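Should a chain be cited, it is by its letter among A, B, C, D and E, assigned in written order, with residues numbered from 1 in that chain.
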Amino acid sequence: MFRKRRPRIGARPGTLSIPRQAPEPKIHMITYDHQQLHDTPVEDVAELERAFDTSTVAWVDVQGFGDRSLMHQLGDMFHLHPLLLEDLVNVPQRPKAEDYDDQMLLVVRMVSLDDDGEPNSEQVSIVLTEHYVLTFQEKHGDILDPVRKRLRGGKGLIRHQRAPYLAYAIADTIIDGYYPVLEAIGEEIDDLDEVVITQPTPDLLRRLNDMKNRLVMLRRWLWAQREAINTLMRDDSELITDELRVFLRDTYSHCVQTAEVAEMYREMTTGLMNTYMSAVANRTNEVMKVLTIMASIFIPLTFLAGIYGMNFEYMPELHVRWAYPAVWCAMFATAGAMLGYFWRKGWLGGDG
Amino acid sequence: MFRKRRPRIGARPGTLSIPRQAPEPKIHMITYDHQQLHDTPVEDVAELERAFDTSTVAWVDVQGFGDRSLMHQLGDMFHLHPLLLEDLVNVPQRPKAEDYDDQMLLVVRMVSLDDDGEPNSEQVSIVLTEHYVLTFQEKHGDILDPVRKRLRGGKGLIRHQRAPYLAYAIADTIIDGYYPVLEAIGEEIDDLDEVVITQPTPDLLRRLNDMKNRLVMLRRWLWAQREAINTLMRDDSELITDELRVFLRDTYSHCVQTAEVAEMYREMTTGLMNTYMSAVANRTNEVMKVLTIMASIFIPLTFLAGIYGMNFEYMPELHVRWAYPAVWCAMFATAGAMLGYFWRKGWLGGDG
Amino acid sequence: MFRKRRPRIGARPGTLSIPRQAPEPKIHMITYDHQQLHDTPVEDVAELERAFDTSTVAWVDVQGFGDRSLMHQLGDMFHLHPLLLEDLVNVPQRPKAEDYDDQMLLVVRMVSLDDDGEPNSEQVSIVLTEHYVLTFQEKHGDILDPVRKRLRGGKGLIRHQRAPYLAYAIADTIIDGYYPVLEAIGEEIDDLDEVVITQPTPDLLRRLNDMKNRLVMLRRWLWAQREAINTLMRDDSELITDELRVFLRDTYSHCVQTAEVAEMYREMTTGLMNTYMSAVANRTNEVMKVLTIMASIFIPLTFLAGIYGMNFEYMPELHVRWAYPAVWCAMFATAGAMLGYFWRKGWLGGDG
Amino acid sequence: MFRKRRPRIGARPGTLSIPRQAPEPKIHMITYDHQQLHDTPVEDVAELERAFDTSTVAWVDVQGFGDRSLMHQLGDMFHLHPLLLEDLVNVPQRPKAEDYDDQMLLVVRMVSLDDDGEPNSEQVSIVLTEHYVLTFQEKHGDILDPVRKRLRGGKGLIRHQRAPYLAYAIADTIIDGYYPVLEAIGEEIDDLDEVVITQPTPDLLRRLNDMKNRLVMLRRWLWAQREAINTLMRDDSELITDELRVFLRDTYSHCVQTAEVAEMYREMTTGLMNTYMSAVANRTNEVMKVLTIMASIFIPLTFLAGIYGMNFEYMPELHVRWAYPAVWCAMFATAGAMLGYFWRKGWLGGDG
Amino acid sequence: MFRKRRPRIGARPGTLSIPRQAPEPKIHMITYDHQQLHDTPVEDVAELERAFDTSTVAWVDVQGFGDRSLMHQLGDMFHLHPLLLEDLVNVPQRPKAEDYDDQMLLVVRMVSLDDDGEPNSEQVSIVLTEHYVLTFQEKHGDILDPVRKRLRGGKGLIRHQRAPYLAYAIADTIIDGYYPVLEAIGEEIDDLDEVVITQPTPDLLRRLNDMKNRLVMLRRWLWAQREAINTLMRDDSELITDELRVFLRDTYSHCVQTAEVAEMYREMTTGLMNTYMSAVANRTNEVMKVLTIMASIFIPLTFLAGIYGMNFEYMPELHVRWAYPAVWCAMFATAGAMLGYFWRKGWLGGDG
């Protein structure tokens, strides 16, 4: 989760470090204005020329980086700064927004639940210009489909706005993806609330630890994304209009809200850990009480039995007829006294 | 407490996500100036036209969001920005103040104690313009009644001021609602102060944990509200006059004060948790001491009895007349020595 | 310590909430210039007219708020803003400085040790104008006597300065009152330093907890007072001259210093709590060691005695003449071996 | 790791404090422009005159400070401020950037893994002017070789840029060196994740403590370096061009990212410590359970056996034929009851 | 360490509070320019007139405050503001820099190790004007000797600079004094690193606590000094030249560095405390294991011996010839089984 692919130390800035298992790039382009929309997979990079048509908005989506030369081709075609290109490919980057003159880079981290309910994450880099938007995703997948559907549907603002609005819509969709992940963690916390008291095993603590680390991670990403959105909002380039700022403010406040939920869950996880620790201490206490009760009752009795098991020649009690029942009585009395003492201490109830 | 209703991921901004169990909207309108006051439930949205009369102040109060088309109608009538409308309905939002040109949105979170003394919370959104105030409440209920009474009473400043003062009065009433909730928690803390030492059960720790989570929540809301009020105070629109600023400063300082009390209670709860942990450790210690005392006294005695229970042929002591009483003496001496040792250690007192 | 008297929710701003047990107001006025000084209790509010004489400085001191109409009379006479009047009476307020055009409100919290050495606190509100100073104290008492004495003494700067200097002198005296309270806590910490190791009882932990809560409280007040003094210093009204600013800076630095001492004591208290926890753990350890030593020595010996207490017909050892002393020897050897083992482990020393 | 060589207290500013074991300085100079490159070790300081040739960029690299007079010679030749010279030599300095008119000092801390995988660190000071760059390294070694190779290779931007770009390339290479060190720590954390539960020894805790201290150290350096890079970026001297700022921003974001990873690892280490503590508590619990089970089963049985070992004359049971087997039965029943009780408590499973 | 001498509450600002044991003041004056230097103890305050000679720099050093009238004489002669004079004498003050028109006050705290290696501290106040520097030390002693030597030596910058440089040199010398104190603590931490595991006594924890409190103290002083130096640097009076600012920046960075070392040591001390707690828990664990092993082995055997010690008439085993050795065998087998069980659990190794 924290490992970073990176070029060897001291490599030239802009060196791309593509891991072997990176999937083959798949490119997809949508061009639209409020009247029409073209939506095609791209086989040949040359087709991307169309993105430069200033009368429409173009969205070029690249999934997977497994082809170094293609990446360089894209970099050349769209005049991407070498450092910008490096940030797209050398994942993970910290979420951030950076201004490259007439282009803007927004790096965000998308999270989703896989089929087992485990959260996984992927970097999405959004390059934003006046007329087109480039998105670069680490893996194949159709997480941006809702945006495509809205584009195809043609309703709402999205088809009447320029490229920056599209970039916003994409970023907003990605931030929205944090809600279900946080909700799943919230449910897990609810489930564990009972378990930490009834079954406090070290493995459970490890699970809580993992959850806490995940939450720290999520909050960190959200915090960085909050900053990135803020950078966008404060940017004085012409790309960001006042109208768009209102929408970005909305995304900003989603970031803050989800970050606060993540923080709150982290604190609740810490609370569960303390409860766990306390449950272990209580269990030890309970075990000790059983031992103490058993030993305190029977050790004196055994001593008494031991007394009359001695073989002294002159032990007058041994020859008294009612001595044996008397000893039994004494024993019951002793045991009763001990039990009474423990009862008064409240140790015979199960819960203290 | 932390769950958020929200539209599906990637939905168009402004999409309203209304849960099934949301109550039917009830609309109520008050229009007033310093001479007269009209106070009527509203059956037909068209009646709300009156709110636009610039010679009076209008307060439109909507309780419950269970009718999507009505919400859209209201949105259209009052020219609410789609994102503003979304924030009203898609609860919970983080408390905030946002400026939409000639309208201002103030989202606050109202808390109250229900009949069982459990705190519950509800979002109240206040839309503020020069001539009217809209309030949107999540649930039915009459928590803003004190403001209505003051309006009807007609005394004081409220009937002589414009809409922004009304909005302030509403927000101030809601912040006031935090005091009794915090006071109830303060009383619970006082109650638990004794209990954590005398009855440290894991359930108690869970209760403390819950209380801490609630306090963190309250402080977070208050903090966000503090920021929101501050945003209002710093706003340079004509809605906020210097005279109103003095009142907002008062509300601001209530937010700070309640947030500090919440923080202080949170620290006291943490202190109780530590006391709890210590009480458990002390209990284990006490249990151990009983065991140690019992075992240390009787195990040596049993050993002694065991010695003279051996069946060796040549054990001269067995045949000595005063041996049996001598053994008893030795036993008492041993037990006494042990007790003396424990006494010196201070283990026989109950408290250490 | 944290409870707040307040009007019912939603009450009109400026509503005074006076508790039943509030003492009757006692009013006292001093008017002075560098030549003369009048010092009289005030029976009739009308006498306060003299405070408006611009050739002298007037100090009106009100102790106790138990008369609502009198408070309103005072409010009217001195043109106090309703919110200002509310802040005077509805204690406790958070320490703060607020600017009301030609008046300035400084709310501070005075602490003192009562006869039992317990700290208690009281709100003092100072209303400061060019020609007079109003002080409002929650309870009767003569804590501002040192200032009165300085006035009567007539030495020093105080008789040659205007009202703001008097207000400074009062605030400074109140901040000075934190030193002995902190010193008393410091001495208590020194006392407990030893006790936490020798007598770690849960009650002690509760006492530490209380102390910590008190320190948190004190630091919070001092911090708020620091801010309030800072607000005064930064105020650009004509009330605060450059000369006075130098004096306020001194008070400011006293606030910082006492706040830091309070913070340091809080950390020391936390340290004592950790020592306490450790002392409890060590005690358990010690108890366990005694048990382990006793049990480990005598249980094997008892077993040996048990062996030769069996009634088998064919146990050749029983009939050997030196068997009995041999068993004693074996027992001593076993016990010696165990003791040697514990000695090597260092368990026979008393300390850990 | 934290020790600082420093001149004696009160020494003149600029006093060099060179430890005895400091290695002999080795000087190496590279001069280049986009067409040619000279790369030679420097035997005589006079050769360094070439660095002042304004048509090329010169890089003078000094490794080791073990020659005071040479250091002073260098200081004189390059007009280094006495304080600057002191900072170069009196290691360790906190990473920082300082502006000395036409020179800029950038102190960074380089970390690397030695052959045993232990991280060690070294101060590298970079003096940056328009035409030359001086680097001062604490020890011999070729950690800046990647930069030299890039220079010799002659590809990329580096040969076409001025000295500030070279300084950037050096600093960037050094920051890059934190990745493998953090990765090694990350792997160690993964390894320990299992071990803390299965083998919680105090030595392990010490190792975790060491790791945490190292991480705190790394984060601190990175944080200071982040500030230093920021100082460079914000510097308004002519040395830092807008083009260079883009590159510095990249280095800045690497600092932030590595600092966050270090912080995250620190939190994970704290998590491991908690798991460790819990594992110890669980072990004690398990030990106690074995003791309690054994003792609770056999102590009552021994008592029963003791009863019938008593020597009373009148014990009717002793003479009943089926009494002995009956006692065995009673014993099995008792033991079974106890086992059943423990089973119900869940103490017979191994885990908790 | 934290006690503050202070005038009684409400005393006139500027009241000097001199404790009885304060040493007699010793005054010493050095006047110099780059050509000559006069260095004499001062018997009569009138001699100090020479300090006002604007052609030389004068340094008046006062050690000990035990003479109130002398302090007032000095105050009058050098036109010290009453509050400034109060700050000099009423130690301890928080380190700070304050601007009094043509004078500047710099309060710093000097630390040093006494002969037992215990750190002690003393306030040094530096009053800085254009032509002279006054220093006020709490106790006699020659800690500023290095500066005097540098003055007498006459080398370096110091004799060519004005009074502010002298003040800098004094402050820098005092900050330098923190290094050996921190180093001594660092060595103590190294020593304790081993001891906390092998000998975890409560006294050790107390020692760690003391160390932590000392470190918190040191960091606080350094932090305040950092602020004070910063205040000086940012001061726009003519006293602070650009050239001097470079030197102050150096002192500033020393403050930051030492404060960070103090913070790091504090964290390491906290780490040691955790290790200590863990070591205690491990010891308890070890004690428990010994008990459990001994008891689990011998209690069943004793039971077995008890069985055949019963006196039933009909116990066929008693009369079987090989029964006795058979019982021994059974006992060995049982003991072996238990040992095997503990071996598998890993409890027979010594390490947890």
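What we mean here is this: a residue touches a chain if its C-beta (ideal position, glycine included) is under 8 Å from a C-beta of that chain, and two chains touch if they have at least 3 such contacts.
All of these numbers come straight from a predicted model, not from anything done at the bench.
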Shortest chain-hopping distance from chain B out to chain E: 2
Where chain D and chain E overlap in contact partners, by chain label: none
Fitting chain C to chain D on CA atoms, where both chains share a sequence, rotation angle to nearest 5 degrees: 145
Inter-centroid spacing, chain D versus chain A (mean Cα positions, whole Å): 25
Length of the line joining the C-alpha centres of chain A and chain C, rounded to whole Å: 41
Multi-partner residues of chain C (at least 2 other chains): 277, 281, 284, 288, 291, 295, 299, 302, 306, 309-311, 315
Category of the chain touch graph - line, ring, star, complete, other: ring
Chain ring listed from chain B, with chain C in second place: B, C, E, D, A
Chain C residues within the chain E interface of the complex: 144-147, 149-150, 155-158, 169, 172-173, 176-177, 179-180, 183, 186, 193, 197, 246-247, 249-250, 253, 256-257, 260-261, 264-265, 267-268, 271-272, 274-275, 277-279, 281-282, 284-285, 288-289, 291-292, 295-296, 299-300, 302-303, 306-307, 309-315, 347, 351-352
Contact footprint of chain B on chain C as seen in their complex: 2-4, 6, 8-13, 81, 83, 86-87, 93-94, 96, 98, 100, 199-203, 205-206, 209, 212-213, 216-217, 220, 273, 276-277, 280-281, 283-284, 287-288, 290-291, 294-295, 298-299, 301-302, 305-306, 308-311, 315, 317-319, 321, 323-324, 327
